[in-house]
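Multiple structures are listed underneath, in structure tokens.
Okay, so chain A shows up in both of these, paired with chain B first and chain C after.
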Partner chain A sequence: MNEINSPILAVSGLKKYYNNSSIRAVDDVSFTINQGETLGLVGESGCGKSTIAKLIVQLEKPSEGKILFHNQDLSTLNKEDKHKNKTKIQMIFQDPYSSLNPRKTIGDAIKDPMLYHQICEKEEVHKEILRLLDLVGLPANSMDRYPKDFSGGQRQRIGIARALSLKPELLICDEPVSALDVSIQAQILNLLKTIQKELSLSMLFIGHGLSVVHYISDRIAVMYQGKIVEEADSIALFTNPGHDYTKTLISSIPILDPTLRNIRKA
Partner chain B sequence: MEQTSFIRRFSRHKLGTLSFFILCIISFAAIFAPVLAPFDPNEIVGGFGKAPTSEFLLGTDQVGRDVLSRLLYGTRISLMVGFLATIISSAVGIFLGLLAGYFGGPLDMVIMRFTDMVMSFPYILLVLVAAAIFQPGLWTMILILGFVDWPQMARLVRGNVLSIREKNYVKASKVAGMSHAYILFSEILPNTVAPILIYGTSVVAISMLDEAALSFLGMGIKPPQASLGNMLNGAQSLSILTSKPWLWLPPGLMILLLVMSVNFIGDALRDAFDPNQS
Partner chain C sequence: MIPLLKVEDLRIDFVSQKISYPIVDQLSFQVLPGEILAVVGESGSGKSISLLSLMGLLGSELKTTGGRAFFQEEDLFQKTEKELDQIRGKEISMVFQDALTSLNPVFTVGNQMIEGMKIHMGLSKQQAKERALLLLEKVGLPDPSSVFKKYPHTLSGGMRQRVMIAMALSCKPELLIADEPTTALDVTIQAQIIQLLKELREELNMAIILITHDMGLVAELADRVLVLYAGQIVEEAKVEDLFAKPSHPYTMGLLTSIPQIQTKIQKKQEPLQSIEGNVPDTFHDIEGCRFQNRCPYKTSGCEKQQQLHQAQTNHWSRCFRYDFIQKEASL
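Here is the complex of A and B:
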């Protein structure tokens, strides 16, 4: 949208091969995310979109290609700079059930990384956690409770609070709603959308359904078998899809209204 | 809240609860042996191999020492060997298992091959050799048993770490740039406590049996110091087995009681830790 801004993240020629190049999870992918922009990444299961997320947050090393964050290659930084930059890209995971340590209270799970990175003073950490919990719409007493006391949607809120606690500039959302009930999906999507606007975060939103991704993204990249086959403005993609796979994705969105459904068929 | 439901699940295991109280009573008796024992365990106080009387409640052994006093002191040694050997072997096993499972790669390879090597060694032989080289005695035995029992613990911990390190909360910690030490000891280790404790109880039982076996063979606790094993040692001949049961029955039953209690407690712990049971 804001073409003038320099990109916060620039990925170029990114490749990730497994098993001696026999599996090409990510095959020569390039894209950019601008400051304050949400890029949607959509594609079927196993097309490599989650691998891209793991590569960006450095859970895995790319086979080839560059990931530039503020024009800096994160993999070439020295230890100290790496440590400083670690907080700036945070991730929200698909499965909210395994994303929280069952033996840690919610307060501790949020507190430890904040103190470790000296994001806030020890005296203020309590207040900060309360602020974060309030931001994601959870009651203050959640702090002393364990993950088992929370539902999937609530856990995803906790995951969001934890990610935000480190004051990231870029948020990677790896299918954050696909494990949730449809009614809860909308709540979490709205929460992410509000937070993204309020904090002017940049976001990479990964999903496998176009409707969800379309709702939250400014731009959408369509992935198919490890490659980005189409990238367009969120609205333009719907009105004028270029690639056959994009057309399939659009046509797979269920339309509840029978009249509209018939229009599409015709 | 967590605690109370844990105790409730534990107490649902009747044998485990009973075993827990039995072990408490035995431990209490063993700890306060100097107060409770009617005689000095190494002093000759009565006739040779006399049957139980009101003065010597469990009779006297072949050299005229009080069997009850020796039983109390012997239990003390057995419990000490059981628990200390387990603490040592668990510490070694947990440490190596954490490292191998978490870092993987060449380090895992080296640690696990070393573990296989120690496991494949006939350990009675190892213990006998060690006992021959070092001065046999209580601490030697604790150390020896501690250093032969760790491989299973290392494998158990490694296996658990391998599955836990793939959990999203560990990944989240990595993405947040937390230190390896934090991830290992604050994220992973607390989630392996249950299997460690459950397996640990069986190591306690095994160590106590090993102490008895080694002392019986004369390679463990040196006489005149009493241990359950070398009390049995005094009862090797058939005539004693048939005619003087007070010499071997008390230590034999005590070993049985201790090992069974510890194993039942392990069972109860397993039930209590497994949330699917409730």
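Here is the complex of A and C:
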């Protein structure tokens, strides 16, 4: 997308083992994400996708390997730089239901982290929240309401507004639309794409739905049993898949035409 | 053919001390033996509670306030709790939407599976165990004997979902009700489950009600489709007809919202088509068509209450413009 293509994130030799190395959740993974680019990450359930996400936002510590953000190793930063960097990488979670505190109004849920990270002046906060709500397509009166008043799709918009409030440069999305209906999925995907362009965000987009990942990503990495087995341009991956697992993935996509199903199985 | 399940004019109300209002109404449909019926529609449209109501499993604030339901010609709403228990364990089994909360946390997967088979199929412990392991393998779990010994909370979401499916199939039901059975699964596992359900339908002539919002799954598996919106059926058709000639604007929106994989080097289709807005929270105070606040085809006449119109043989739409919509959809 961007002509300069300087990597904003460079992951190399990343490993995460659990249970005294008996579970190799992430096993020697390397990839880069360029400025303004979206990298899709797909793969079998349990292959380590969410673990990679957690390592990047530092919810977990790697067993081995490096994560460079703007060429800086996140694990070696001092406390102050860490605090500064925390806002620049934000995550949007799979489950829009459990990721919001039921006792906080939407306004507070967005406001608190902004003040904590000193993103904007106290006097400005109100205006900023209104701007964010508008950006994600929610009415201004959402501010004083609680999560229970919102549908799944709306909650996901709130999650996006909250992530954006900290002015991130890199957005990690872990299956942000899997729990939503197709018609709402389309709304959220359009929103993410528009925002990404407007703010020139970089994104790591994890998903099960291949057509969804294809739609949103510039490049796609395919994971299998803790390793990345293939990485390609998001169109080339489907026209010319290299790895056997990628081929299996593609041939397993349901075809949206009931008249073709018997032909295909033959 | 005598329908396996027949539902007539079902109505479900939300009832509390302060207020009550309908959540599902005018719901009629049937399922033939061996048939796969898909129920699709936006979340909150009433898919899950309609089926829970038939099984006598509604929560405390929801009441079945009208209609009748027959399973093998017997009136389900006249059954005692004990009789229902019998039916639920054996003839009709259900895969619930939330696989974690519907598995018992204090028993291992194996114990939960064996119990039902001992009671309902009269199997010995050893026979039941063999069958359990076979089923765990059939739903694509990599190491059946280790899963057999595990407690539900140590399994990943996708694994739990597969355990639920195995368990639901264990007593060879006549009717399987599966509520969003593959949402947490990747496409390769989903394809295995689709294959398994097809085989079982062939082998046992088992009928399936598949609740989902995944149109790909519908296209692969269903014989017939019901589309629900705001507590009502808005379209009913054979699966080929629904995809070829959607006759309600909501169905059309569902079908066009799905991203398609582009295999040519060209600009990707963007933005995706979507149905703007949200489902209304309640619909009892909406006059006329319940889809009108989101419908791009709204015109005069939409303020009137909509009946199911016959668009073709066995094809129904709750939109008086069905003819026009069909033409639009084929463009």
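Operating definition for what follows: the second predicted complex is superposed on the first by the 252 of 266 C-alpha atoms of A that agree within 3 Å, B and C clash if a C-alpha of one lies under 4 Å from a C-alpha of the other, contacts with A are read in each partner's own complex, and residues count from 1 in each chain.
In this section, a residue touches a chain if its C-beta (ideal position, glycine included) is under 8 Å from a C-beta of that chain, and two chains touch if they have at least 3 such contacts.
Note that the structure is a prediction, hence the values are computed from the model and not measured.
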{"item": "Which superposed partner A:G46 touches (first chain B, second chain C, both, neither)", "value": "second"}
{"item": "Which of chain B and chain C A:I235 touches, first, second, both or neither", "value": "second"}
{"item": "First (chain B), second (chain C), both or neither touched by A:I253", "value": "second"}
{"item": "First, second, both or neither for A:T87, with chain B first and chain C second", "value": "first"}
{"item": "Touched partner set for A:S183, first chain B, second chain C, both or neither", "value": "second"}
{"item": "Larger contact residue set on chain A - chain B or chain C", "value": "C"}
{"item": "Touch list for chain A against partner chain B, complex", "value": "57-59, 82-83, 86-87, 89-91, 93, 95, 98-104, 109, 112-113, 116-117, 146, 159, 162-163, 166"}
{"item": "Chain A residues within the chain C interface of the complex", "value": "42-46, 151-154, 178-187, 189-190, 193-194, 208-212, 214-215, 235, 238-239, 248-249, 252-259, 261"}
{"item": "Of all residues in chain B, those that touch chain A in their complex", "value": "2, 167-169, 171-179, 182, 186-187, 190-191"}
{"item": "Interface residues, chain C side, partner chain A - complex", "value": "42-44, 156-159, 183-191, 194, 213-220, 222, 239-240, 243-244, 253-255, 257-265, 268, 270-276, 278-279"}
